[in-house]
């Protein structure tokens, strides 16, 4: 049963298995262990980014394609729902319409980008996607009638998902089961489903072809696999899952703007999460997203303390200023590309093989 | 064996040098096409100058990037760091000499600006030296890692710049004598743009001369073609590459000062933003080609300005559109660099 | 016998997972032309590339002109006095013939700095080089490129010339030209190590011969002896297998 | 008679250089043809034109009488043209099993199946295991291909080709770079294919003893052109082959 659910791709490392169980258990018990809005918010972000990072890994880790346009699809999902809810009112129909439309747009766009430029070298593709993503970001902030421009869109979501629902929430283990809790669990459940679906895809015959293309495209072609089709399919799939992650984001935040879903900073965060967690393993996205988002909060708090302690030392004080947390993750990123390109998950699995 | 065969006709045929003029004709063609579309001739002159100025600055910045790619197949996503460093150094340097920059005398302005440009170039070059050693050298020949790691270099570089100069935008006013416009007939042309055009042409001329007339230049061009053979002739291509990388970084620093003055303000993100334009330019030009980079930069500058005047909303995508059109015409860029 | 100019002892070379050279022993005597014969895949090109340092020997030693070259980098090896004409000729297509030649000269900064007398001598060997002096090398025919590659290697005197299959894919007339050029070169006392598959080409030029098979030198001796001995040819080269049965 | 494979006036030019020059040749079903010629004769290029890695400048390729010149490499692979490469060409970080399974899977047309678990296709895995068995790599099935010794990598290369079950087998110097004791294993595999009787085999090989023993027929390429064709012993003895290998007699 578990074997089927995980598509035959078990953690293959005891440490990793324990880590994953801890993360999943933690995510599901967050409302009860760490009450408070902030903890719930971090947990929800982790869920959303697990989907987003996994979808990026499908492209980067499994197929070996570097794209800088991934947040564009994330943004399309978030804007799709946000715009639909603004225009059609807070109904489930609007959510479905927005998500459906966003998926269609992402499908068309990823297909065009894929067919137009996937034949070229890796660097070329990376540059082109970077250019396209930048143009899209500009477009989104220019079309302020639709997108709210730089301010973004604050949206009303279906009543079930609001903290005002129900008027008198039931208490369970001391936690009020209001719409916020409901939407968190819906989000977590969706994450599990989407993750398992992606896990299945990378472990299907199709997924093996993607890996083959990453390893040796020329040979895959000689075996009879039309690689352009597979690369494009990988591009499209990854875009669609990113779009769904964007839908989840807008529904959770009740807001969407360029900085929450489209910006290049998020693209950078994504790269960091994929690489640190481990490229080419779906579990890497779980580990990477969790560690990154915890660090984003925990590290900043730690740095605040350090910065205060060093307030007399000019340069050092600035280096550990809480706003400079990305500096340290950037250094970690560079080190991990050098030292352990297979990321944390790859490292754990390797260890498990060495000493069985 | 028949000895007359040594002078077979095939040996006699003198190969014709084909000069590929078509892409160069694009520039005047585009400019002429814009005359009726812009309405008045004086507007056209102003826009054309603005476009050329912008193009020249982009060319200065991008020339190093495209050469480094041609020579070692290294594409540096962190090139923007050198631009930002250059721009902020100009802020610091010019900020130290307010009396000179605010003076109405041109020579005093120049006495402030020239050292600022030089310092920007030297420091950006040094940063480039460190960048090459730490970031790029360990991942030669591994494109995927290279993209990731140079991107990482960009992140860290930008954060370090924030540590030094702070995260906010800083004004970078033009020295007094460069402000304002010259009248050419009815058309107003900003003085600074003329300076940018002159400087850009000078950089192009120097690069062209180095590449075509000096031995170092020959080595660079030979290295683009076949680096193994260059080594077999007894030259250290790594050293050559580091030299080109540092020179390219210095040019990016110079371009950063120019760009900062053009925008009249500097942010830590300035380099990252220009990066995208640079990529478009070197893709359009044909990666590794200096001539292509020059034509590509001017095309991008002109199109951005014409489109900005005629249809501001379209202007933001005009560069992407330009890139798509060029690639549909010539998938390898305007001047593909031949690699056997 | 005096110490050879170039000496390889037990050289092994790996390229990735491939173990190409399995202990090559080879000597090239001063002032002689040594031909390296052997069929495709025997390791001839790999031997030249290993001498040039383009691939590094995983074990064994290479001595040249009294110095240990085994772990040196390619530019060092070239500067110690070895010129190399690779299998693909290594002609810089974007550069003119003159610029190609200039790059091979150590001191010269401009084409005018090249030794005029030597240049005239080279033009005598390869008249096409004079005719196409200012033309981009990429526009030359295959045979002309091969001539340029050889001309470039001798633009200044070098102690040793490594040449990889100069006859490959050339028309008979050009091969003839090439043979005369190498004959003339031999007059100047240049030491040459030549890789060939074309036995008749090799026979006309070689003083010494080394035959390779399976990544080793399986026979070394004088060319005259090999050229006389049909049985030895058959045995070593496996070329005329059935012809005299 | 319909040839299993035929090239008509097949030509490719690179710039001014004609690498393969109007080669017309038919290969009868069930035969093993050796292609010989000196370095640079155009043998590998000829293979690339047949398997579709290169597009011909002129001429055509026919499979069972049908013109396949317009098809891409993957399409030709599906039509039954299988190719092993001169330089080992594997998926380095995938296991031996997965390398072979990718070929089996392509043969079964399963590549676009996204929803089943790959390890649940028992029939495909069994087929891959059979192939593993024939090349004696079963014990190493879970090793990464890159971790294999060179000889085993060559075996895996042949195994991938066998897993594709093509009608036309193309071997490009299958024994290149192998140590002496490894060569017979590969030759036995090719011999085994030949005795099946229904496979058409093209073999580029330099070792004349091998060629003489295995081939039904030899064709000789020289400077891109087909210069000899016929019975092995005859062809090897012919002056044209002597010339191709020994070089043209030039007046002293």
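Each chain carries a letter (A, B, C and D) given by its place in the written order, and its residues are counted from 1.
Quick note on the criterion: a contact is a pair of C-beta atoms (placed from the backbone, for glycine too) under 8 Å apart; a residue touches a chain by one contact, two chains touch by 3 or more.
Please read these numbers as outputs of a predicted model, since none were measured by experiment.
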| item | value |
| --- | --- |
| Distance-to-centre winner among chains (Cα means, whole assembly as reference) | B |
| Chain whose Cα centroid lies at the greatest distance from that of chain B | D |
| Chain A and chain C, separation of their C-alpha mean positions in angstrom | 57 |
| Inter-chain centre distance, chain B versus chain D - centres from mean C-alpha coordinates, in Å | 48 |
| For chain B paired with chain C, centre-to-centre distance based on mean C-alpha positions, whole Å | 42 |
| Intercentroid distance (Cα basis), chain D paired with chain C, Å | 32 |
| Shared-contact residues (touching 2 or more other chains) in chain D | 248, 250 |
| Multi-partner residues of chain B (at least 2 other chains) | 1 |
| Interface hub residues of chain A, defined as touching at least two other chains | none |
| In the complex, chain B residues that touch chain C | 1-3, 5-6, 8, 10-11, 14-17, 214-215, 218-219, 221-222, 224-226, 228-237, 338, 340 |
| Residue ranges of chain D in contact with chain C within the complex | 16-17, 38-40, 88, 146, 148-150, 153, 173, 176-177, 180, 206-209, 212, 223, 233, 236-237, 242, 245-250, 252 |
| Residues of chain B touching chain A in the complex | 75, 77, 135, 138-139, 143-149, 151-153, 155-156, 159-160, 162-164, 167, 272, 275-276, 279-280, 283, 287, 313, 316-317, 319-320, 323-324, 331 |
| Residues of chain C that touch chain B when the two form their complex | 52, 54, 73-75, 78-79, 84, 86, 88, 90, 92-95, 99, 102-104, 106, 108-110, 128, 131-132, 135-136, 138-141, 143-144, 171-174, 176-177 |
| List of chain A residues in touch with chain D within their complex | 4, 7-8, 200-201, 203-209, 211-212, 215-216, 218-227, 229-230, 233 |
